[in-house]
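Have a look at the structure that comes next, please.
Labels A, B, C and D are assigned to the chains in the order they are written; within every chain, residues are numbered from 1.
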C-alpha cells in the first residue's frame, strides 16, 4: 500500500466517526481528506479556527482571497454559517463546543499524549491551534500512518518528540488499526481490512489490550 | 443658592473642560447635565458604558426601549456612532481611550482618592463602572456640591466612606471652587463667582495650596 | 438541516431551572434582559437561585421581578441601586450580594465562556470589593485574581435568532448578552424574531449558534420608562405585565 | 465632524516605524494582513523589529515579505511552517521565535488591548511552550500565567473604514485584526474602502473608531494562492507585487 492509499483509507474510516448534527474541526494533512468520505445525507458544521463555522467545499471557480480555511486554501460558507474573529474561534474550542476534533499526529503515546507540532532540527511548523483543540474538544481523534517510512512505530510507550498536550487523545485511526484510549490505557478496537493482529503488534511501539 | 442652581453652576463650569474632538464619559447625577452647556460649535463623542460611542440627545418622541444611556434613560445615536457589548465598552475605558471621565462624588481626598459608590447602611447603589472609569480615563474630573446639606465638607484629608479608587481624581469642580490634584497635592485653581477664599477654606476639610 | 433547529416552547424551558442553581442573565438595567424567560423562571417556582448579571434591574423590569419574590439566594452584580427591594433584602440578610466592577464582571463571565481560568487586574485592589480574592505577584508587581464565572443555565435576549441560534442584538440591548450566552452550560435565547438559517448576514452574526441550546419566541416587553412610573422605585410599582 | 477624520497617506505612516519597535500585525497565513502597510514598513528601512502576529505568513504574502529581509529580531507567533525562510533564520539564530498556542496568543493581545493584566490557563503547561512563564496556584490548582501584549504600532487590514476609523472586516480576513487594533499604542488601518461617517450600520461595526489613529487606502493585494506558485515554499518564489 502506498502512502497515498494509506491516507485515503485512514480518512475514509475517520469519516464514520462523524454523525448528524456534529460540530467538527479538522486539522491539516490527512484530516482535510475526511469530508470527501462523509455520508451525504448527514448535516455537519465544520469549524475552522481562522474564523468560520459552517465551512463549505472548495469553490469550483471565483476563489475569494479573503475566504480560506486554516491551512490557507479557499473554501465556501454553508447556509447558516458565520464569520468571527480568532478569539471567538478559540473561545468555542476551549469551551468544549467542538464535538469532534480530528488532528494529524507525529506520535501518540499509550496514555494518549499527543506530539504533533515540531521535529526538533527538522520540521518547525509551530503549534498553531493544536494545543487548544486537544484541550477543549469533546472527542479528539488522531489520524496518522501506523509507522514512519522507515518502519518506526508512531504509537509509542512514551513520546520522544516534544509534547503538544498530555492525556488528550481518545482515538487513533491508522492504515492498520483503530485504537481507543480509555482510562489511560490503549485498546485495539478494530483491524483495518487485510491487516493481522500480529502485524499490528509488530508495528506498534507499546502494548495494548483488546 | 439652592441645590438645583448649584448643580447647574457646576455642570456649566465642567462643560469648559471639554474641547473639540474629545471622547467623553459622563456619570449619572450632575455629570449628566454637562451636555446642556457644551459649546455647540465643537464635536464631541460621548461614550456610554452600556455600549454606545457617539451618544446623542434625548429623543423628542419615539423613545426606543432598547436604546438608553447607562442610567436607563432614552438617548439617540449620532452619525458615525456605534453599538457594542459591555466587554468592548469597558475595554475602551480601561485601555485609556476616554479623554475625560466626569463622575459624581460623595467624597474626594486631598490626594485624589474617590469615594462614590456606597454610604454603608444608607445608600447602596453599587459600584457600577466607576472603578474602571477612574482607573482608565486620561483625565478624571469629579463634580459635587462643596458640602453636604448639613455643611460637612466633601473635600477631605482622608475619605471616611469606602473608597472607589485611590489617587485617581485630577480635578474637582464644586459650586464654590475648582481644584486640581497634582503630585498628590490639592491646589485651588479658581473661585466660582461670588465666592471668597475664606469661605472655601472654611468649607473644605483639608488644606490646599494656590 | 433539521438537526440544527433549536426553536422550542417555554414549557420545554421551565424544567431546566432548579433550586440552588447558578443562573446567568443578560441585560443592563433591564434593557436586554429576556422578559419572557424571567417570567418562565418565576413560573418554574425555583428558589435559592444564585444569580449573576450586571445589576438587579428595576423592581418591575428585568431580573428585578424575580429578586422581589425573595427566591434569589445570592447575586453577583455591579450595582443594585435601581432596585431598592434588592437593597432591603441585602440589609435584611435575605440576599447575599457580591459587588463587582461592571467591566470586571463581564470579563469574568467572558473568561468562563471562552474556557480560560480567570485573569489579573489592579482594579478594585485595596477596596471593599476585593473581598478575599487571591493576590498574585508577577515581576514584582501585585495584582488581584478574578475567577471565571460559568452557570448552569444562561438566559439571553436577542433581536433576531436563526433556527441554529445565530444571534444579532439591538442597540444597547446587546450589553452582556454575548458573554452570558457563552458562559452557560445550557443557553436559552429569547428572540424578538426567529428566522431561517441563511437569513442573517454571516458577517453580522454576533453570537454564533454553537453556543445556543434552545430558542423561544419573545412576546415582547411591556414595561414603562422609569419616569413614567407613578411611584418610581417602590416595590409596589404596578408591574406592566 | 472634521476632527474625526483620520484618513492619511503612507508617507505620514512611514516615520511611525522605528528600529527596535514592537509591531503587532493582523492576519492569518497572510489573509487579513495589510499589504500596503507591510510594504510601507519595508520601505521605512527599520530593523531589529519585534513582531507579534499569528504566523510568519508565506515568503511572498503578509509579514513573510518583511521577515525574509532579516530585519525582524524577534517573533511571537503560533506557527511559522508556511514560511520556511523564518524557520531557516530561526535555526541560524537570526530570528528569535517564541511559539504560543494560537488562541492563547490572540487572548494575550486582547488582554493588552482591553487593559487587563494577563490571564491564567492550563493550556501548554508542562510543554516546551511554557518557556519560563510564571505558575500561579489558585484554590490548590496550578495554572500558567500568560502576560498581556501591547505594541508601539499595530497594523490592521479592514474591508471598510469610515473616516472616524469604525471598521468592518471581510470573511476570514477578520481573524486577529480586531484585537491587534485594540493593543497598539498607535493603530494604523489599511482599508479596501473608506467611507463617510454614517455609511456603516452602527450594529455591524466590529471595531469602534476610538482605537484607530490613522487610516490609509489599500491598493489591494496581488498575491497568488499557494498552489498557483511555481516553487511553492521557496524564498525565491516570485513576489507578485
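Everything that follows uses one rule, which is that a contact is a pair of C-beta atoms (placed from the backbone, for glycine too) under 8 Å apart; a residue touches a chain by one contact, two chains touch by 3 or more.
Because the structure is predicted, anything quoted here is derived from the model rather than measured.
The chains that touch both chain A and chain C are D. Set against one another, B-C and B-D show the most C-beta pairs in contact at B-C. Between the CA-based centres of chain A and chain B the separation comes to 55 Å, rounded to the whole angstrom. Distance between chain B and chain C, defined via averaged C-alpha coordinates, is recorded as 28 Å.
Distance from the chain B centre to the chain D centre is 37 Å, each centre being the mean of its Cα atoms. Between the CA-based centres of chain C and chain D the separation comes to 34 Å, rounded to the whole angstrom. Within chain D, residues 107, 114, 116, 122, 169-171, 203 each touch two or more of the remaining chains. Shared interface positions of chain A, i.e. residues touching 2 or more other chains, are given as 77, 83-84, 87, 90-91, 93-94, 135. All chain pairs that count as touching, in label order, are A-C, A-D, B-C, B-D, C-D. Contact residues on chain B toward chain D in their complex (touch as defined above): 20-21, 23, 43, 45, 47, 53-54, 77, 79-84, 87-88, 90-97, 135-136. Residues of chain A that touch chain D in their complex: 48-52, 63-68, 70-74, 77, 83-87, 89-91, 93-94, 117-118, 121, 123-132, 135, 162-166. Taken in their complex, chain C has these residues touching chain B: 28-32, 54-55, 58, 77-82, 87, 90-91, 99-104, 106-107, 110, 122-124, 126-129, 159, 169-179, 206, 221, 223, 225-227.
Those residues of chain D lying in contact with chain B across their complex are 1-4, 113-116, 162-164, 166, 182, 197-198, 200, 202-203, 205, 208-211. Per the touch definition, chain D reaches chain C in the complex via residues 107, 111, 114, 116-122, 134, 136, 138, 143, 145, 147, 168-171, 201, 203-204.
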